[in-house]
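Labels for the chains are A, B, C, D and E, by order of writing; each one numbers its residues from 1.
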């Protein structure tokens, strides 16, 4: 049983290498290996359903053992990783066909999957960090395959990732200096015995690394660029899975290494939540609201979705940081849901880009008639994302709100709500500008995406319904996970939550069945009425003016310009500009610094003299500067 | 039966062959170029023979003239030396294979002589147990390096060579002064003996000689204010020489400093201010590298940075720190040598040293680009490559004690790693993802130039996925070094 | 079982009756305010019938058809989650928070339907409506939270029950009630918040391309909408009612006030509407919330 | 003592020449001065006042009165090395002169940071 | 039985339809001047269920108020074709009937009748509100009795109308 974890982890890596080598023979060999091994990993995951396998030692280093483990919490994330990766590979086959360096692409894709799987399976900090870095640079190579602009975006991504990872590195090294063992259990034991200052340092440094990956404001600036510039099939992987690794890390940090009680002891608790968690909650809430507002004002479809990801990951972090059973369950469930619907939306827009070649929303429109399947996918995606019943986003958002209400964190709740309402705005903008409205003349021959690209859309659409109506399916694992973390597991039913879990009970099945019955009734009424005839899109009201195909009679540029007038004052300052200013300052400073290498022999010789003097002097005063 | 596990052979064989080249050149003509390969092949054999001995006993000592150590020049190979000798010989061997194709310019035989002498000098410097011998080895290394840097005899090479020469000879003089001062104080030149005798001295009495030796070796070892020759000299030299200079020569000089500081002066826990040198070297090297357009110059600056990194790790003064330093030395030697060799091949094909001209290399010279990438990853310390483990160790060693200083050190080290990652990623972007402006006919480098790089990359990969033996070995080496008695006692009382 | 079926049929009819009667009253009262005679009392019913019986209907696509259908279905769904006198209905399945989201389904789907009509007027109307929604959502959420904090439950029925006997939230939380009133106003889309429809600017916005049976369904939906907003306000702030007559009376009082405002005020520009909502109502609502929290 | 001061003075003058002087030949002279100073230092360390050469075969000379032989050996080595270094440097100067047509170090600055 | 219900349904629907006439006034000339008093408090058109509406999709009556020239005719036809059956057209004022004082202009259409079917004309330059209300009453009677069948005529004689339109519009 222990060995099987190693097998699971090795699957994507082996698949990647085989796909790479197979690609040299024939492209279908490559595809077969890629699909086969990603599917294999996904299937292997189910052998670990609801099990806790600990401590498969796979190596030793510096006196610490390297351990793999799996528990229900990591299972959820491993499930997301393998599932979405599989779909991404399916989607890739048609989408990136004909590009250069495809063997390398699939290699990287499977390596990213393997690295993320490694993160979820890691049982000690060295393994965790190793796979974390591996994930960063392998995904970097995926991102920069998206064209010219993506290189800058990828550069930003890798720099920020590396900064985050190094921050985490310092935290890990601090622990290693004390514990000399980095197995999760020892780490939590050490932290429970350490001084508050040490724990806070650890928390902050480790947290920064996770926040960068989870794109919590103000460390989010890499995300909009990277997600929008990456190749279409990579964006779902980034948005759906990669940023979830941050959420997983936070869960492990908050409740694996530390615990609510322990964090509570670090600072006086006048608040409903321990201070550190409370700060995290506020950061999450701020990213919810600001990212939502930014998403509303975007013109680029993928950029819009990228900002939406920042906002939605805000909910995840908010839920996880809450510390209550319901909140954590909500956060984890939202992580799962977000992986489903955001990947779905990115797949859809990927298909649209594949067919039309643009992602500028003001150039698109009216694709519903040409790409109905994509439209249905987008519809499910936006309904799920906006948190409207009966799809899955509703349940998790509801849980987070109820948890906030339970803890009386009202201001956070207000922000979460506003973010959610704002989501209607940008999501409507997304679906309208792409699928509704006027079909531009140049896209009148656009076809639906090929079957392999439809498949992920169908599967994920179905999942939004499944998890929306039967949230108990997910709660089953999440409750196990909470038990594993030592938190009271959440009470749930298959269709919702009984009285006492939240402020009030919830039965999703009732809402959806009433909705469906009402729909059937109204549809019956509608069908009894005189039949309608279909008219062309140009037969539309234009105050008597005749609309011709040459006329662009569509509203899609500057969709919420009037709203922009209201909120623009907030965005005078941006974190991105600040970072760029820092980078520039560092660069200028560095440029001055390197002028010591003047290239003049006499300068260099004088350095020697100066140095001897200094060394002699320092030795004279005892050789001790400190 | 002659026991070939004798460290003296390490010096003797290549010296002999170096003179053989000079002698045989008129007859062998082109065939001369195979002599260094044979020489270092033999050396490699010797080193492999030495390995089990050193692993068993911790140290192997050889003496000359049959007199016991304090009075005779002796050669001692302990774990640390073995570590470096192995790398030096390996690099010497591989690079001399590389030279078979790479060196076309005349006078080739002089190049081969100098090259052989260079590697010999480095090996000598590492294995010697005698301070004055170290000076001589230092000079052998330096002079051959001066010659090799100026080998192209063009504008840049001459200027760089001249700068290097002036700096180097000042350094040599300083080193000699230091050595002589020690001799005046103790009356012996044997390292172990000096170490024994110098124990009676007060801290301040030891100062001046140490300052001179440190500065002298520091010039060759590329410590911060003394390293200004390096970014000129390394790029000016032929790529194969650059890989030796960057890969092992600075490391050997740093080895000298380590040996002097720890074994002779026993200063390693006292003079923590050496950390400053490490950090400054790191900072200036990496920052300057970030701005370079010329790839060899960038790599040269990166060498300065790496040297700073492992010197910093060494000057932490703990066993773990030294372990990290040794690992990083190894990583740097292998990776940087690979980089220079690969870049040499690329420049050979592209005909330019400007990074921007490398656009599209990733497609046309797949193997070279791949080797470059692996070596660069290892140098940057990306997992799962070997550099990751060494960097991990360095950071762990720094944070054994958590205080404001160590945190600040770690921040600097990591920030500089970030800059390093930034410029290497930039190069790789250009190589792999930028389209070439004009379609030039670029062919893969000749096989003989790739084989050494491939070998090195294979070694890196093996170490990456199976680092445990090396890590343990480095730990033992560090422990031996810090527990000075092993060295001193076995040299003085041994045999 | 029979009772359940009766309720299931009766509640929508009742809601429609209530809603359509308000529509009737509205036109009559408005006429009287303008010193006109006004239309026949059953004019809205006539209009609806006429629209539904139009002999020709056009469609721009499936989503265009589904828009009004789903909007109406969603409104009918919402009705079952708002308690009416003596009946809990399905409030146990979805609490106040869920209700807020169920209420959105209709508008969202309607927006999609209108979007497919490829008419920029519709799109602008929807953009405005959504923006306005974001505007009034902020104070409304604060008000809802205030109520939840006050009564320690999110169950609408329980909130209603706790207000029986004259302990109306309107008296206990006057600030929140005022804000709730203004917000309901915006949700109804009457002057000065009729930015989404704005017939003179953007040709009735989302409805620009809708005619015939689709518009008929939307008129029915409008009746439901009025009922939903008013019933929610009455349930939240006026303690529901003990019987249907009181329920109707309370809704009627509120509605008459709306109509008065509606008739005398001009229209906001949409960003001004948002600014308005984010200024005074929000401040008042926050004050109300803080008062509840502090007590 | 005077030898030591002299030796260090020579080294200092050499360094001065390298740092201040702009002519390549003068820099070479500076280098030579440093080497000479070092050699002087080494020899003076082994020097015993009134001592003789350390040749045992002549007999009847006290070991105490002998000059230490090791520094002399060192000096010889150092002189050889110094000479070769200087020769190499001179070669470089020639090459530089061929390329630049001048010996002024201010004009030989193609390599910069 | 079926026929009976059909008849009754038609009767009822006509009865209700005439009570709910939503109009779209196409203000081509000065005739519209008299509409505001008709709509507002003094004459209160809403008494009869007549309300001005905005888009052709929603409206039942197309009010062509004033002269029609070639350019506006195109718009009128578009609007008319966008309206949903049953729909009615009212020629409002002398100009709509025969060009009025612009009868000899090069660009004015003299007979609206030839291009779209007009159900009711109302004479006057311009018609007073009383006249307008009388006209509406007349239209209601026509609808009630099923005689306001302009939209049917348009479909039956589609080719005729199209030909006429084509002649003018080219």
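Going forward, a contact is a pair of C-beta atoms (placed from the backbone, for glycine too) under 8 Å apart; a residue touches a chain by one contact, two chains touch by 3 or more.
Worth saying up front: this structure is predicted, and the values here are computed from it rather than measured.
Undergrad: Identify the chains in contact with chain B as well as chain C, in label order.
TA: A
Undergrad: When you average C-alpha coordinates per chain, which one falls nearest the overall C-alpha average? Tell me, please.
TA: So the chain nearest the centre of the shown protein is A.
Undergrad: Could you tell me which chain lies farthest from chain A when each chain's centre is the average position of its Cα atoms?
TA: Looking at centroid distances, D is the chain farthest away.
Undergrad: Counting C-beta pairs in contact, which chain pair has more, A-E or A-C?
TA: A-C
Undergrad: Based on the averaged CA atom positions, which chain is farthest from chain E?
TA: Of all chains, D has its centre farthest from that of chain E.
Undergrad: Measuring from the mean C-alpha position of chain B to the mean C-alpha position of chain E, what distance in angstrom results?
TA: 98
Undergrad: Suppose each chain is reduced to the average of its Cα coordinates; what separation in Å results between chain D and chain E?
TA: The separation of the two C-alpha centroids amounts to 117 Å.
Undergrad: Hey, how far is the Cα centre of chain A from the one of chain B, in Å?
TA: Centre separation, chain A to chain B: 44 Å.
Undergrad: Taking the mean of the C-alpha atoms as each chain's centre, how many Å separate chain B from chain D?
TA: 28
Undergrad: Of all the residues in chain A, which ones touch at least 2 other chains?
TA: 539, 541, 543, 594, 596-599, 601, 605, 608
Undergrad: If you look at chain D, which of its residues touch at least two other chains?
TA: Within chain D, the residues that touch at least two other chains are 15, 18, 27, 109, 111, 113.
Undergrad: Could you list the positions in chain B whose residues touch two or more of the other chains?
TA: Residues 162-163, 166, 170, 231-232, 288 of chain B each touch two or more of the other chains.
Undergrad: Just spell out which pairs of chains touch, all of them.
TA: Pairwise, the chains that meet the contact rule are A-B, A-C, A-D, A-E, B-D, C-E.
Undergrad: In the complex of these two chains, what residues of chain A are touching chain E?
TA: Touch list, chain A to chain E: 539, 541, 543-546.
Undergrad: If you look only at chain E, which of its residues touch chain C in the complex?
TA: 13, 16-17, 19-20, 22, 40-41, 44, 46-49, 53-58, 60, 83-86
Undergrad: Applying the document's contact rule, which stretches of chain A touch chain D when the two form their complex?
TA: Interface residues on chain A, with respect to chain D: 594-602, 605-606, 608-609.
Undergrad: Sort out for me which residues of chain D touch chain B in the complex.
TA: Residues of chain D touching chain B: 11, 15, 18, 24, 27, 31, 34-35, 37-38, 41-42, 45, 70-71, 74, 77-78, 81-82, 84-85, 88-89, 91-93, 95-96, 99-100, 108-111, 113.
Undergrad: Write out the stretch or stretches of chain B touching chain A in their complex.
TA: Residue list for chain B touching chain A: 162-163, 166-167, 170-171, 174, 203-204, 207-208, 210-212, 214-215, 218-219, 225-226, 228-229, 231-232, 267, 270-273, 276, 283-284, 287-288, 290-291, 363, 377, 382-384, 388-389, 392-393, 395-396, 398-402, 405, 407, 410-411, 414-415, 417-419, 421-422, 425-426, 429, 432-434, 467-468, 471.
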